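Each of the next two complexes has chain A plus one other chain: chain B in the first, chain C in the second.
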Partner chain A sequence: MSCPTGHYSQMPGLRLRPVRELGVCVVFAPAEARLFRLNAQSWLALELCRGGTTAAALRKAWREVVTSDDAEERLRVALDLLLANRLLHHEPAPAEAPMTAAS
Partner chain B sequence: MAEDELEGIKALLRRGGVQAMPEVVEIRPEIRSAGSWHLVDPEFKPAEPPRQPTAPRPESGQEQQPQPQQTPQPQPSLTSGFSPGMMLRQVTYFVPPQEAARFQDWLYRNEPHLHALAPAGVTYLGTYGVFGRGSTYASFWRYDSFAAVQRMATAVGDPLSDFGGVLRVLQQYPQIRAAEDYTEQLYLPAGSSPLLTPGVTRDEQPGGARAPRG
Partner chain C sequence: MTAPPRNPVLERPLKVTLSFTSSCNLRCRHCYADCTAAASAAELPAAEWCGILDRLEADGVIGLYIEGGEPLHRADFLDVLRHAAGRFHVQLRTNGTLVTPALAAALKAECGIATLLVDIMGPDAATHDAATGVAGSFDLAIAGIRAALAAGIDTQMLTIMTRWNAARLQDWVALAAGLGVATVGILRPYPLGRLRQRWAEASLSLEEMHAALEALRLPPGMRLMQSWHPNNGNCCWQTAAIDAFGNSIGCAYLREYVNFGNLREVGFLDTWAHPLHRQLRSGAVTESCGDCAATQGSHGGCRSTAFAFHGRWDAPDPFDRATNHGVDLRVLPDRPL
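What follows is the complex of A and B.
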């Protein structure tokens, strides 16, 4: 399983509208005029990337909230989904050594 | 503000626990016009009125006058004349200039599919550049009936439909920077009077006038 590396940031211009009573967030991506519904975990991952963050800082912040054994896998899934839907921008850091599973 | 939001999400996750896997689901809006449809479906057949009981024979001395036969009025036909169809739909949209070449190439390769795969009663009439409005295109569709409109909607929403798949790719090219970047217009043949009913405003009809049928 690959660990997140590099730098993650929200795509510019995203508009987030929390629907707290449902525990989800609706995100509008104006560049493509697309709407998304994020559950709480994906919402957390996206929110942690507001303003940009390194993978290491992201993992640390994630583990403070998601403490289950499969927390790493959940973060990877969330990042994959956000990247696939172009809600996140990822800047790889080739020089950065892959992080270990230890937090 | 962002910090508050973050704390809110954390609290939400702590309260509810972490159960479902992360999820990102695209919401595909279904846009329903609030406007009235002053239309009558030409395929609509009104129910026959109940049969009246046979009238009693007139009494002697009161002979019934024969009623003049009503000559059926000729109905405008959609298959004759100049009408391009029961309904013509124009979708006008903006495609970024840097996408123009790719979009035009895609059209060149896929317009035959749009035409061939369209549901019964739906005809793809082509996509045109709008003269005088740079990077603006208009796609034209013809519907032969309301049932065709429904078939089109069903195909577009069907993930297994080949036609829907091609159309969804087409829909990825327009970019909506402002509301006027994507507009739709429906045209009805003005000469086909059965398709147009006198206007009924929402105020005049309780609950709003929606697709009145005659």
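What follows is the complex of A and C.
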């Protein structure tokens, strides 16, 4: 399992609609013209990335809320889901940026 | 004693149906809105619709289901759709006849709609045009589906099951497959508008409806949406709707039964808090189908059809096998609205 690194930010134009009665957040992604229903942890991860955040700051903020032993794993799962659904943008740290043909 | 089951509670709605206009270029014999060729002057103009969209967004609404009449029949409709673009997940229901390649491109690129739902009442021009009352409407609607698919829009085909088309549903499915439509919906008929006037002629018994559904063979990969047992949803818990005149009516299928207030005079959330609106959302019913509640996450079946046949808001839904209790769906009670 690898720790989150680099910089995370919400994809532009997302509309988050918390549904506190059901403990979920419905997200409208205009670029995909799709609605997503996020559970509490994915919702938290997405909220913490509002305005953009470094992975270190994200992990720190996450640990303040999620205190279980598997908090890091839960964060990784949430980030993977958000990235797979193109709700998050990830900028790798320079050292982990993919090699280009010219480099 | 166990507490009676209740539906999930939403303080504010997530999705709203907009019955944008009661005008249409077709004359369907099954039309729930009893549409006219020209829009009434009393319908909300585009500017008022845009103001309502602003309020809905502020109130937390995130999804719109837009229908008519035929929304595309009103020249100012795209102004409203563009106003919604990027702010709401939009599903647009249409008869398809006005969807040209240029319009489909605009619906995709400028309006960003999520889904186009096209009503096709039979597998061929003879069946469809007999339903719409307009020769040539089938060819135009099929061209509309092709244009929407070519523009990259998620395009689905809908039909309302009646005696006029039940025997042709397998051919209808084949038509959808041939067009490349991956999701189809077969909808129950509602005794509303013009279909109410021809109910005895159009409606099947519940057994006939199930037989037609069960005989269907879907091609691989095709998804069928249908709301009969065990999918008899009670969507009232999350549904709100606004008609062409600005009335808050809860659901398009409640259009002839309720009015929670006109948005020219009252706030949308005030109508959401109307005691009857609350009651319909609550799941306060005398009897519920456990299988359907389990699959749908809410219970009690459709309040519109329950009311149409029993005249009570807490009545069982006769379109569900478990709660039908011998109600003949071909015989609509003669009850003043």
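We adopt the following convention: the second predicted complex is superposed on the first by the 95 of 103 C-alpha atoms of A that agree within 3 Å, B and C clash if a C-alpha of one lies under 4 Å from a C-alpha of the other, contacts with A are read in each partner's own complex, and residues count from 1 in each chain.
We adopt the following convention: contacts are C-beta pairs under 8 Å (C-beta built on N, C-alpha and C of every residue); 3 or more make two chains touch, one makes a residue touch a chain.
Predicted, not measured: the structure shown is a model, and the values here were computed from it.
Trainee: Which partner does A:Ser42 contact after superposing on A: first (chain B), second (chain C), both, neither?
Mentor: After superposition on chain A, A:Ser42 lies in contact with chain B alone.
Trainee: Applying the document's definition of touching, compare chain B and chain C: which contacts more of chain A?
Mentor: Between chain B and chain C, the winner on chain A residue contacts is B.
Trainee: Answer with first, second, both or neither: which of chain B and chain C does A:Lys60 touch in the superposed model?
Mentor: Once the two structures are laid over each other on A, A:Lys60 reaches no partner at all.
Trainee: For A:Arg50, select first, second, both or neither according to whether it touches chain B, chain C, the two together, or no partner.
Mentor: Only chain B is touched by A:Arg50; chain C is not.
Trainee: Scan A:Gly13 for contacts with chain B and chain C and give back first, second, both or neither.
Mentor: Touch partner of A:Gly13: chain C, not chain B.
Trainee: Between chain B and chain C, whom does A:Leu22 touch in the aligned arrangement: first, second, both, or neither?
Mentor: It touches chain C, and chain B stays clear.
Trainee: Could you pull out which residues of chain A sit against chain B in one structure and against chain C in the other?
Mentor: 26, 33-35
Trainee: In the complex of these two chains, what residues of chain A are touching chain C?
Mentor: 13, 15, 17, 19, 21-22, 26, 28, 30, 33-35
Trainee: Within the complex, which stretch of chain A touches chain B?
Mentor: Per the touch definition, chain A meets chain B at residues 16, 18, 20, 23, 26, 31-45, 47-48, 50-51, 64-68, 74, 77-78, 81-82, 84-85, 87.
Trainee: Contact residues on chain C for chain A in the complex?
Mentor: Against chain A, chain C makes touches at 8-11, 14, 60, 62-63, 85-90, 112-114, 154.
Trainee: Using the touch definition from the top, list the residues of chain B that touch chain A in their complex.
Mentor: 2, 5-6, 8-10, 12-14, 16, 18, 20-29, 174-176
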